[in-house]
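Just below is one structure, and these are the notes that go with it.
As written, the chain order gives the labels A, B, C and D, with residue 1 at the start of each chain.
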Amino acid sequence: MTIDNSTESIHTVEATAKKKGFGGWLSSIFENKYIGLVALVIALLMPFLIATPYALNIMTTAAIFVVLAAGLNIVVGYCGLLDLGYIAFLAVGAYTAGIIAKAFELPVLFTLPAVVIMCILAGLIIGAPTLRLRSDYLAIVTLGFGEITRITANNLTITGGPSGIFGIPGFLVIGDIDFQNPVIFYYLTVIIVAGLVLAAARLGKSRLGRAWKFVKEDEDAAEAMGIHTYKVKLMAYIFGAVWGGFGGMLFASHLTAISPMSFVFLQSALVLMAVVLGGMGNMKGVVLGALAISLLPEFLRDFSAYRYLLFGILLVVVMVFRPQGFWPPRGAEAERSKAEREAAAFANGLKK
Amino acid sequence: MAMLEFENVDVFYGKVQALRGLSLRVDEGEIVALLGNNGAGKTTTLSTASALMNPHAGSVTFDGVDISKAKPWEMVAAGLIHVPEGRRIFSTLSVHENLLLGGYLVKDRAKIAERMKHVYELLPLLQERRAQQGGTLSGGEQQMLAIGRALIAGPKMLMLDEPSMGLAPLIVAQVMRVISDIREQGTTVLLVEQNARAALRVTDRAYVIEEGATTLEGKAADMIADPRIIDAYLGA
Amino acid sequence: MDQATQVIWDGIFVGSFYALIALGYSMVYGIIKLLNFAHGDIYMVGAFIGYTILTSLGGNFQTMGLFALIVVMMISMLLTGTVGLVVEKLAYRPLRGAPRLAVLITAVGASFALEYGVAAIASPNPRGFPVRLDGDFVLVLGARVTIPQVILILIAGVLMFALDTYIRRTSTGRAMRAISLDMKGSLLMGVNVNSVISRTFFIGSALAGAAGVMAGAYYGKIDFLMGFIIGLKAFTAAVIGGIGNIRGAMLGGLVLGLVESVGSQLVGGQWRDAFAFAVLILFLTLRPTGILGERVTERV
Amino acid sequence: MSAVLEVRDLEISFGGVKAVDGLTFSAKAKEIIAVIGPNGAGKTSAFNCITGFYKPTGGSVTLNGVDITGRRPADIAHEGVSRTFQNLRLFHDMTVLDNVRAGMHLYGGQNFLDAIFHTPRFKRSEARYTEEAHYWLDFVGYRGRRGVPIRNLSYGQQKQVEISRALARKSELLLLDEPAAGLNHSEKQSLLELVRRIRDLGTAVVLIEHDMGLVMEVSERIVVMNFGKEIADGTPAEVKANPAVIEAYLGKDDDEEVTANGDAGV
């Protein structure tokens, strides 16, 4: 395995580097084994550079956004199932953590088992009846589920109705260390998120991860290989849900208050955008995409009115010219380019 | 005079090359067969002529005009009608509506009415079934409908892709007869057939396509006796 | 009894809005199997175009009420139709033949661009629509029926009837049906598939635009996100009726309007939207072909 | 030796049209059976029924005595049926090795926790997948690069990868749908030899093929279909001489009812 794969990556890197010049050079850096570690170190050093509460808040939020993108990447990037209501899992996680922590006056960490169980249930409830549907129907149904989740949160008493839940206890206190301290909470978040990103990436390179990709590419052929496509899709959903739940738990304890307003469709769309821009299926790219989507607005404050307009246009432009995203999984460089699509079977006469 | 001419044509599906320097020529008034195995490039040849695909290299001309960058509807307007493999009848549209679609580009209503009458005469069973949904016809009837639909467009040249596919021998004979009739009335015909024997019986000339290029060409009467053809396409 | 007829009347009224928007959804889906996520936003754009024309024409024109509204609606239809056409050309056409996922994501992007484009130009705050149609009401079987409601339903009915006739009787309509059955086959008939698809987008968008103006005049308030929920409901209506089926879309709109109206009467108005989605999910899982849709055997 | 595959009175119809109408045949281990017939005769439909992609409307399919009629494709794969597709159904964005690994999905050997924590069990199973993927690629004589995505491969190479993927399943029955289509002469020769080596593994091979030369040379028995019906089942020599087959498929020399000038009656 090791011997063979290393030769593979050398070949590919060489080939792309030769072909693409600067871009190839850049991608060879990204393909580096240790890039993840480097990114983690940078993330851990950040508080030494800027430690204003504002900056820490933004960086923590960005890290939580990364875990959402990693979770959605399992569903959309690996398995090819378009989920337009992914934010519902963040909501389920956040509300479960918030409600239980508040009711029993527990540190949020202790709600973890409940969060995971609730998210698995949510994944099953949404996935089980819908995963046999065609992909575009699935997209709309997930959107519907996302909205139902929000409306439910908005109308139930246990979730605090439109005003939501506030005064959620802290994450954990051990002796003198209060994890609610912004710096400590930032580190905690970064570590948890890094672990989840690594786990998701590893899943992607396992038997299950390959099965997801087989299903994404050709369900019939996957079935013929003995892959129970329905079960495999359900697994993707459940993993996505659990990742979302982790995000929700961090989200709830970060903000100590949650309300239905945080779980609108816009949020689902932003997570999706992170996945798509970064490069569906490539965890590294998706992390980069998530950071870009969550941090860019901070740098583009002057353009805030046009922010989402730009996002929308960007999404279209990326799909038209670079559907594999800015940083696609290795080996997905060429085929879906515009030129080749144009050559597709009887496509002539269908364009311009 | 050449009606349709391919010179050294290359066509790709994505990265797969389907035609490799294919050349052929169909003269006005001729009926020519295109023989070859599955995947040899017969259908691609027709699709290139009807501009469903455009060649990457080489030249394709129809009626003296270069069509290597044409659009499918321009080919229909120019009078080159392609009756595709599998007939592609619009299944939930009535027989009559299917025929009307054949005349989609014909703006002159009187012309359509006249051709409709002609088609119903040539293929009376279509008249009986005119209100029926196309998808409910039998395979042979669908093939007749596909041919009738092509005639409404007023073709100078007709290209038929495997009209005998999946039809009973008796029906194959009828279809071939109709094709002969159409040719008799002055339309040039290019016929792709897997049933080489049936094809060679109705055509003047034939080409054999192998791996995206024409490898043999000759009079149908000679080909039917050619041992290479017998061996590869006709069977002992 | 009075309450019951009121609920039914409200359902029919809202349903006819849904139906108008559902038509565009259904037509586009039927022809190129594209889930035009941005369709609800086209409706919103229609409302804003109507608003802009009405405000710029000033008070005198506005006092003409219904007449002004109908004139403005026609102009809005033209402009909104053009917006739809442009969206198709820029966002969808380059992706013809691309994987479904890519096209769907593009549609989400287009929807975003429209929503926030309008928000950026017209400010994100809701606007009051300059012409209101509240008028007097008459009691019909105990339900309060306003004249504007009747007129709006009539307009919707006429538009739908015209569209149905167009699709059934004209050669373009026939070409549309042909494309939905077999795009390649249609090309071989000499159909310029692109121009027919453009026309489809134009018509669908124009109808949504009409609905947008009507909604503005009826509810009195418009905002840049107003198309999101209604787009989803229109899709639901299309699915209920059998997506791709024109009459199905109309039927689905009415059914959804009624179901919602009755449902929120029973369980409370705050659940109205959840109710609609539940119906959608139920239909998609139990009868994805809808009420009027045909079952198709898919071959490998 | 008893049969691996038994197909009895298999029937499937689409909208009233019977695509397969009463197909019966069997295949033993170490046997090569060819199914031939004109386009549209129902050969691929029959394959799809056997592998579960279509639910037969009649008849039965048994595998080593187990009835697998109408079960899901993945379940049938579990029972030991492997196939290739007429138009190559590879996973195009994935590498050659990953594609062949797909064939090994049923081996198992790791769960998601193994994958997340990279346990020794995970590493062992991955190493095994890779090793076997190479083995099967070697077996089919694949010479190209193995770490590149499928779409960079030539058609012939893709065909090889698809067969390796099917072989990696190590199933008792292999169905090949037009394996020779689009191959040139020398490629066909190596295919011929490959099919024989697959047979020698102890596998029952059933193939759909149009190339008569290949079919006659490689197969022990030939099933001929026409209009969904089975019109012959026998050795190559028997089939060649069968009048019904000549009539329907191979063609004969003396039917003169249609001629170029169209004057002969129908």
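Here, contacts are C-beta pairs under 8 Å (C-beta built on N, C-alpha and C of every residue); 3 or more make two chains touch, one makes a residue touch a chain.
Note that this is a predicted model, so its numbers are computed, not measured.
**Q** Between chain pairs B-C and A-C, which one is joined by a greater number of C-beta pairs in contact?
**A** Higher contact count goes to A-C.
**Q** Using C-alpha centroids, which chain lies at the maximum separation from subunit D?
**A** The chain lying farthest from subunit D is C.
**Q** Between subunit B and subunit C, what distance separates the C-alpha centroids? Give it in angstrom.
**A** Once rounded, the distance between the two centres reads 42 Å.
**Q** Can you check how far apart subunit B and subunit D are, centre to centre, with Cα atoms defining each centre and the answer in Å?
**A** Centre separation, subunit B to subunit D: 31 Å.
**Q** Centroid of subunit A to centroid of subunit B, CA atoms only: how many Å?
**A** 52
**Q** Could you check subunit D for residues that touch two or more other chains and list them?
**A** Residues 15, 53, 151-152.
**Q** Counting only residues that touch at least 2 other chains, which ones in subunit B make the list?
**A** 14-15, 52, 71-73
**Q** Which subunit C residues reach two or more other chains?
**A** Only 184, 187, 192, 300 qualify.
**Q** Considering only the defined contacts, which subunit B positions touch subunit D in the complex?
**A** 14-16, 31, 37-39, 135, 162, 165-166, 168-170, 173-174, 176-177, 180-181, 184, 194-198, 201-204, 211, 220-221, 234-236
**Q** Which residues, counting only subunit C, touch subunit B once they are in their complex?
**A** So the residues of subunit C in touch with subunit B come to 171, 174-175, 177-178, 181-182, 184-192, 294.
**Q** Under the stated contact criterion, what part of subunit D meets subunit B in this complex?
**A** Where subunit D meets subunit B, its residues are 15, 38-41, 151-152, 155, 178, 181-182, 184, 210-212, 227, 240, 246-251, 253, 255, 257-262, 266.
**Q** In the complex formed with subunit C, which residues of subunit A make contact?
**A** Touch residues, subunit A against subunit C: 76, 80, 82, 84, 129-130, 133-137, 139-141, 143-145, 147-148, 151-152, 154-155, 220, 265, 269, 272, 276, 305-309, 311-316, 319-320, 323, 336, 338, 341, 344-347, 349-352.
**Q** Can you check the complex and tell me which residues of subunit A touch subunit D?
**A** The touching residues are 1, 4-5, 7-9, 11-12, 199, 202-203, 205-211, 213-214, 217-218, 220-229, 235, 239, 329, 331-332, 334-335.
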